[in-house]
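One chain, chain A, links the two complexes that follow: it is found with chain B in the first and with chain C in the second.
Now for the complex of A and B:
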């Protein structure tokens, strides 16, 4: 009995040692990054790293006065919400079709949609660059919106499809025998029932849109279309090199809202990240 | 329809009354019924074709031309022949593979160990939130953070010196494997949580009774892990690794920000190769040829790996 207790205690010790070390490994760099955001420029890159910096709001003033930060924020928000709206409008009917009907070619269509998630952005970067150039959309948030929507459409469709497949068929059948049209069933029964799935999909699409880097880099060439992700790469002060305290602050500016919405949908996160394949 | 009516419907006691459509409409709707599911899925498919099929065809056509900014000059298979002998292209393929394989394997092992220790812990929700944090930063921000920690501010080297582990400075930037290790570490730090979240969900959904029975029979936790948990987790692991594998092999922001592909092209991934050829040297035809090769690899892998992983994950 005593031996069992001792191994149990040792197991717990090992468990918390492992989990605790990884937690430190996660948090350490984040705290250090946070401290970068609130220190004066002179203390960022030193021959000897400074571990106890002086507090300063230099970077905070700088991002709003030296750069059009408000504009970057507006661009990010507009492009992201616009793209999520496009995604939902296209994905909800598509997911309904894939989840609820039997027809020829359905599985192939579903797999085609899924497989676009695999496409490396670099593969299609050049043609899309020329496409937008010919349409006169380079350096606009419209182009960003369209690209983000395309990147996320597969994910959004598959997540919503997975939630729709969970709805018991009887719910629809009852309405159908009463003569309700399919669209009405979708609108009045299915969509309310899969609302958690729709929200999960929207949140995940939002995160990927915020993160997107390559296309934004190619499409946006002036602050007119810079988003936060790409604006970071342009916080350089000529001969001064990278202005890291501004970079760190903007990183946290983008992090906070993402963190809050992800906590709100925590329960659905694993299902969302696997496009519905793993149910949490 | 109001919310209260909907919740009544959810109770399924009384089905809602909908007006019966007219007979004429019914006849027309028969043909509509056949096409209806196609109509629903068509807009999404059309949108995706625009962003995959159109660029695919464009890239194939362009790959047979020499394209700078001026006119397109047809050169047949020359781009492909040149690509075949281009050690930078093969190098980029190799770098993508080797860095991806090391990174993915390490992340998978770490995430499995963490998940197995965390999933029955009373504070699993807390661990999950803490472990999630790196994943929720923009990749470009994380790339700058690691560039600063390891290269520009040399915090890592300074800590090692203080601990007495090294005396001089670390020459990360000038060493190929040093730079690769830095990219791999950045990826591990940011994306191990992705696998962790999925693995925890997979473990939590397993039947607790099987494990309990094994424990009563005197099985140790390592036996339970190898003989029960891991086999049951196989479909979950497959799906998670496929998704993560795709994202690792298309890595771009980290390379762009931290190493620019150097030193000596040692960290140049295939994405970065295409970007550099196209948008730095404006050699669009040549970059398109590389894109086409990548596209073929992607399609083959999609058919062989992704289809299988997602089919097994569904069950």
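Now for the complex of A and C:
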């Protein structure tokens, strides 16, 4: 009895040790950022190892008082969530159509949608700049929303489409004979069934959007439309040199919104990432 | 109350024929089984009745009203699918309630109707579960409840039992037949399983290659087949079909000689005889019709199936339950000459 218990306990210990090490490995960079962010600037650039770091809120105060960090954060969050909302509103009906209806050129449209991701972004950077300038949208978060949505639309459509293709046709036939219209079938049967796929696609779009730099830099010429990723770049140049501790804190702040979203929907996400591959 | 008439139904996808000139008149409260091998057009025919598929030509008439232009959701037809087709995100309760919500049944009545339908198929205790938490048989019962809940004009069942194991299938068959008789709803049932067809049907429609081979009661189909396809498809094991010649009422093939048949027919012919109409003789007598070598013996408990090599043919015989024999033994067989069928050697049509 005792022996069994001991091996069980040992197993559990090893399991926790492995999982704990893995968790530490993953969270390590984040902790490192935090430790850099909350130390004085002089200490960070000191080449000697420091065993007892000094805690300092200098960088923290600096990013909030010297820069409109709250505004950047707000811009980021608004542009990201706005773009994902646009993507879902367009991608869900498009994916349904591509997955279900047969029409001439359907496969070509599918490839055309996907091909927008095969192009180097720099090719369209200048045309997009002129387009938004002519529309008077430069330097607004609306422009960012549209650009992020456009960049991600293809991948979001494609992911949702592949989930929708896994739904048996019988389900729709059943709903139709039960008296449901096309819209109600989409709303009550299809969307709930592909929810994990929709969430997966949305998270991927969010991560792409928060990392987007090139178009944001192009469109946002003043802090009015700066996002976290562009704000971050502002700390790397200028007369003050590299302000490492401030960079670390801003990077951390950029990471937080997506991290919170992923934690909140983690259950659906892990199901979503595996469900498409292995049919349950 | 619904009579279903299919008149001159054709279905074509480009050059591919799904269904060719199908005419069926299904009486109110009747249970008609569409039977045939896969790809015979039976499911397509049913989907056209449901409105999930449009016929290329012909009319679908339910209760005197032409339905061709009526959308599936307005046809008041309930369908049960082979894969159950329960909505995975909804509980069983919500699944059964779905057709009521879609048809705007008053909220106050919904709960009562859902519970009544669930009780009819003994699913009352599982209403809160999700479909994924149920066994195959329970899922199919839930799908049945969803079909009966709004008491439709017509039931359509597309191989509803083929995903279940043999024992469960038997139990569900009984349940479906009982429900249909109790609710008196016109039903079209599609299957490739002839036992299901024989046990359930008021009338069977046998289809092959998109065309109807024969329509009749199970008795008619079994004892009066129109052609070799029907003869070979119904019955387990199926009817023996032997190629030979007939001259002056005597059928001959290798090691087979049967006198006393139709005097009007001459030349090449196919003879059909069911396994249960063959009797193994104790010794060679004058009445013996064929001689063969034992190929295999399969006891099933209530009878023994014997396969004989008679010339080039393998003949299945249903013998007494105690019958046993070694391979290679020579046996004499007598046939019930009242129950022999003649078919045209070329087109397989019955010769009477």
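Basically, the second predicted complex is superposed on the first by the 209 of 280 C-alpha atoms of A that agree within 3 Å, B and C clash if a C-alpha of one lies under 4 Å from a C-alpha of the other, contacts with A are read in each partner's own complex, and residues count from 1 in each chain.
Operating definition for what follows: a contact is a pair of C-beta atoms (placed from the backbone, for glycine too) under 8 Å apart; a residue touches a chain by one contact, two chains touch by 3 or more.
As the structure is a prediction and not an experimental result, all values here were calculated from the model.
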item: First (chain B), second (chain C), both or neither touched by A:124; value: first
item: Chain B versus chain C as contact partner of A:34, first or second or both or neither; value: neither
item: Touching partner for A:192 - first (chain B), second (chain C), both, neither; value: both
item: Touching partner for A:22 - first (chain B), second (chain C), both, neither; value: first
item: Larger contact residue set on chain A - chain B or chain C; value: B
item: Which of chain B and chain C A:154 touches, first, second, both or neither; value: first
item: Contacts of A:77 with chain B and chain C, given as first, second, both or neither; value: neither
item: Which superposed partner A:258 touches (first chain B, second chain C, both, neither); value: first
item: Chain A residues contacted in one complex by chain B, in the other by chain C; value: 170-171, 174-175, 177-181, 184, 188-189, 192-193
item: Chain A-facing residues of chain C, complex; value: 47, 50-52, 72-75, 77-79, 81-83, 85, 87-90, 98-99, 102-103, 146, 156
item: Touching residues (chain side chain B, partner chain A) in the complex; value: 1, 6, 9-10, 12, 15-21, 34, 36-38, 40-41, 43-45, 47-48, 50-52, 54-56, 58-59, 62, 110, 113-114, 117-118, 121, 125, 127-134, 136-141, 144-146, 148-149, 152-155, 158, 189, 193-194, 197-198, 200-202, 204-205, 221, 236, 239-240, 243, 246, 249-250, 252-253, 256-257, 270-272, 274-275, 278-279, 284, 287-288, 291, 294-295, 298-299, 301-302, 306-307, 309-310, 313-314
item: Complex contact set, residues of chain A against chain C; value: 168, 170-171, 173-181, 184, 188-189, 192-193, 195
item: Parts of chain A lying in touch with chain B, wherever the complex brings them together; value: 11, 14-15, 18-19, 22-23, 25-27, 29-30, 32-33, 36, 44-46, 48-49, 89-91, 93-94, 96-98, 100-101, 103, 106, 109, 111-131, 147, 149-150, 153-154, 157, 170-171, 174-175, 177-182, 184, 188-189, 192-193, 207, 210-211, 213-214, 217-218, 228-230, 232-233, 241-242, 244, 247-248, 250-251, 254-255, 258-259, 262-263, 266, 269-271, 273-275, 277-280
